[in-house]
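The two complexes that follow have subunit A in common; it is paired with subunit B in the first and with subunit C in the second.
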Partner chain A sequence: MSTIKSRPIYPGLSPDPNARRNVVVCDAAGAEAVVELLARADGEFAGRTSVVLSSEGLFGKESESIVERLKPATVETTAGLVPAIDRLKEILASATMGLRLYAAGSEPLIGSVVQAGAENFIDPLSVRTEHRGSLKRRVQCVHCKGMTENVTTNPVKCAQCGLLLLVRDHYSKRLAAFQGVCINAETPDESPELKVEFQ
Partner chain B sequence: MVLAFKNETFRDDFTFSNSPAAIRRFPFPFVEDKYMYSVNIEPHELGPKGSVYEFPIDIDEHYVSEMRDRALVLDADPGRCQALPHMITAQWDMLELLMTSMARDYPEHFSLTRDGNQWHWINRPLGIDHKFTFGDVATLPYQPMEYIGRQCQGDFSIQDQRDGQLWMDAGIITTQADWSLDFDVGMNFFEWHAPVPLAHQAGVFDRALKFLLNMQHGRPVRRLNWTMTINSRLDTSPENYHKWGIDRTTVTPENVGDKVHLRVELQALWRLPRSNAILFSIRCYMIKMRELATVPKWGRRLPRVLRTLPDEIADYKGLTRYRQTTIDWLSKYDDGAPTSLGGGPD
Partner chain C sequence: MTASFLRTVRVAEVEPVASRIKRFRLVSADSQPLSEFSGGSHVTVCMKAPDRLIRNPYSLMGSPSDTSSYQISVLKVEGSRGGSEFMHERVEVGTELEISEPLNLFPPAKIARKHILVAGGIGITPFMSMMGELEALGADFELHYGVRSLGDGAFCKLLEARYGKRIHVYLQDQGQLIPLERVLANQPLGSHMYVCGPKPMIDWALRTATLAGWPDENIHSEQFNAPPIGKPFVVKLTKSKREVRVGGHQSILEALEQNGIDAPFLCRGGACGQCETSVAACDGFIEHNDHYLSDAEKASGKKIMICMSRISGDAITLDL
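Then we have the complex of A and B:
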């Protein structure tokens, strides 16, 4: 993964023992990394930790069991990535000094957390991140600037303008997205098949 | 020197061409018969009279038409000009550097009168006569970078320096060789160079960054970069690639001479005095194969360079589709004679 120079490195979660408050955003796959984080930290760490869970693709029962396993950290369950980030923004807006931010799960989730942090003057490098689960990407169309979410194929059809996009290995932290560029501009009669590349 | 500005286009009917004098002064970038990425940085010292290095900021016969093209691009896509809020001091630094250089070196065309912060700028070719207060954005019709950027040939980006890195936090980029300011703004030196092949592994960017971080005010540097463009299109942005990419399929043995252009970027870097940022200019020169072949040394050398260019670099620059056709066309100018070192004509 680290061969792409514009893509951040996700070194894995580690507890910050000095943080007064830990805020973690994760999805189902990332929750496993959070369970391991809590197990590694001392007993008081979990008490200072609140988790925002994006429960996209989970049944009620599955979410409940994740919440159970993350105890004694407090867990808020949200319906998906967008509401999870909205909730994070509320937390950050009222946050005080000594808050440490963590993100675990898919790359679009990590990117969105880092982005929300940056909007609140949290240094991207200070966010503790771990990639788990799907390799799906968020892609910005360089032509119409529209975002396509949960991209697993290359090429992919732009959700906004419909052009067939080559997903380049060039990543913007500001946009939390990879770059998509028209794949058949020089061969308009061809339309390459969509191959699953980021699963 | 009084320049005669041409009236020409860089889109649609592509009427751009170079005068014989512009061909002679073209900054041919190949100092030998092959090319590879390197840390090719040298002092941006004043060069011979009439050369593109005569002055720090080079204005030429294409000035007025290029500025017209830039205005069209910015109208259609304002995202080509962006500055993060903390870059305002650097924007004023840039305006000062360009206005003082242009007025000093081309007094027939530009003049600047300064009385403290009260500045009076006259741009005769573009018919601008404007009094403003240096440091007060409200006295300009645009932010300072855009104001002067709309009046100076070349794209510009401004890099903030912090944490031992350079950050591309502002730019006015309308004539780019297929990279997006809107995507790259806010990135650091390694991040925005991510798509470049071979050079990272060769340590080129590590060494270049180290050099740039230590740049001093008053000691600008420069380098040349190059690519090729089909038709004299200045706006070869990724934003519009779905419109211009098809041009690459239109090269035939009959039209190489007029359609295929060598595109050279004279890139100069200045440390800025107030902001400590680094200004990066990307001054684009284009020359048709037919024009280039009028200089025997260039006609000999370019086919040799293209033939031996590593495939990764050819692919990255987007030459692959018309590379061989261009080599074939140029080969009639290569009589096999040795070429002299350096880029200039013999």
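Then we have the complex of A and C:
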């Protein structure tokens, strides 16, 4: 457990039996949690549920098999995280109260869903979340403010300014990113070894 | 909270605004101007009844931007513990009262896209200042206000004149009930509901919103319960090594205050958690009347909220 208060925790998916409409965003690993969610809920729950699947890294057949397993929930398959979040924003723009938002998968996916929810007035605490799969992180460089995606090592080289960043547990819900701080500011000629910490 | 937080105000105006409801305008009676407050705030009014000290919370009803005076409204409750009767019978223009600084346990959610206010009877009071604040912010809001009859509805005309179509009044004697299910349907994402009124109404509104699929984070309520009455008992205090008798119409907190014992409190309605006290022993059963402790904590018998809860039995020993 992190001692950093801002480090998000993900309690796991649970069905809201009263929601008029359930909207779930997940990736391939998160889809397993959604299958379990649907199995736990009553039969009508799935009928009120639509899933946006980020199919990054999946072959066509793998996506099809996931769609099949999530039935009878309706599933829209998108090419990756960015189009999945774009689709979520379209859904939220015209949504009414009674909608329950869920996110399952990697932390960048969950963070992006919570962020899109907040932009549409959904309290982050109302979003039901479950982490599955990769521990990869989105990292913001506190120096140049650039984002580095899919970070698995610590430290990591900033994709924008090239500084070597120590990846912290300090997290910004607004940015959906962990904070990266220059690790060798006083000894720029020393380069600590990159260890894979967020596989 | 201690007596040093109290300040003295003078009653500048008393006006009957509906049957059994009086509005009081309070001005500063010490050298300090009144503090600013936020929409939804209340003050605790200290009443020195002949036989005991009563402290009741009342919502501030004026505009938050106006600190020249505070306004509170008091419903006279028959068969109550005497606070509302004191305000109605013994307080007149010129009376000096001690009040606490304003405290807000019912603020509007700043991130909301729309605010739906649901009031029953005297439960209108916190919404008076809240609507003033929301109006000043240009926020989207509507009020659904259920009253027994037009004669019981304080401020109906004033509110309709000020806020027009955003005010919906329902008269119980005309068979009109708040159609809450319909009100909550199809509200935009990011709507928040606030309810204040009698306990059964609050419970009904919270349940209706939950069944409509509204997340807990979007549902807010405030209730000023008077501490329920019961039989007298004795409170033994381990730290100050004293024994205090709690009368049938008194709360533990009030009995302590009457005996000059400084115990922590904020809301005096069993909501905020400030007066949580450890129980060392109890010769009887604790009657938990708060909505702060969890069911498990209540069942453990190790904690009590002294502003609202009492015991049926002879004595309770508290770590105070």
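By definition in this document, the second predicted complex is superposed on the first by the 195 of 199 C-alpha atoms of A that agree within 3 Å, B and C clash if a C-alpha of one lies under 4 Å from a C-alpha of the other, contacts with A are read in each partner's own complex, and residues count from 1 in each chain.
The rule is simple: a contact is a pair of C-beta atoms (placed from the backbone, for glycine too) under 8 Å apart; a residue touches a chain by one contact, two chains touch by 3 or more.
Quick caveat, the model's predicted, so the values are computed rather than measured.
Enquirer: Does subunit C touch more residues of subunit A than subunit B does, or is it the other way round?
Expert: Residues of subunit A touched, subunit B against subunit C: more for B.
Enquirer: On the A-aligned overlay, A:Lys173 touches which partner chain: subunit B = first, subunit C = second, or both, or neither?
Expert: first
Enquirer: Of the partners subunit B and subunit C, which touch A:Glu119 in the superposed model: first, second, both, neither?
Expert: In the superposition, A:Glu119 contacts neither subunit B nor subunit C.
Enquirer: Once chain A of both complexes is superposed, is A:Glu149 in touch with subunit B (first), subunit C (second), both, or neither?
Expert: It touches nothing on subunit B or subunit C.
Enquirer: Tell me the contact category for A:Glu90 with respect to subunit B and subunit C: first, second, both or neither.
Expert: neither
Enquirer: On subunit A, what residues does subunit B touch that subunit C touches as well?
Expert: Common interface on subunit A, subunit B vs subunit C: nothing in common.
Enquirer: Could you list, by residue number, the parts of subunit C that touch subunit A in their complex?
Expert: Listed in rising order, the residues of subunit C that touch subunit A are 111-113, 184-191, 210-218.
Enquirer: Can you check the complex and tell me which residues of subunit B touch subunit A?
Expert: That would be residues 79, 180, 182-187, 190-195, 200, 238-246, 248-249, 321 of subunit B.
Enquirer: Which stretch or stretches of subunit A touch subunit C in the complex?
Expert: Going by the criterion above, the answer is residues 16, 18-21, 92, 95-100, 118, 120-123, 125-126.
Enquirer: Okay, in this complex, where on subunit A does subunit B touch?
Expert: Result: residues 4-7, 140, 142-143, 145, 163, 168-175, 179, 181-182, 185-188 of subunit A touch subunit B.
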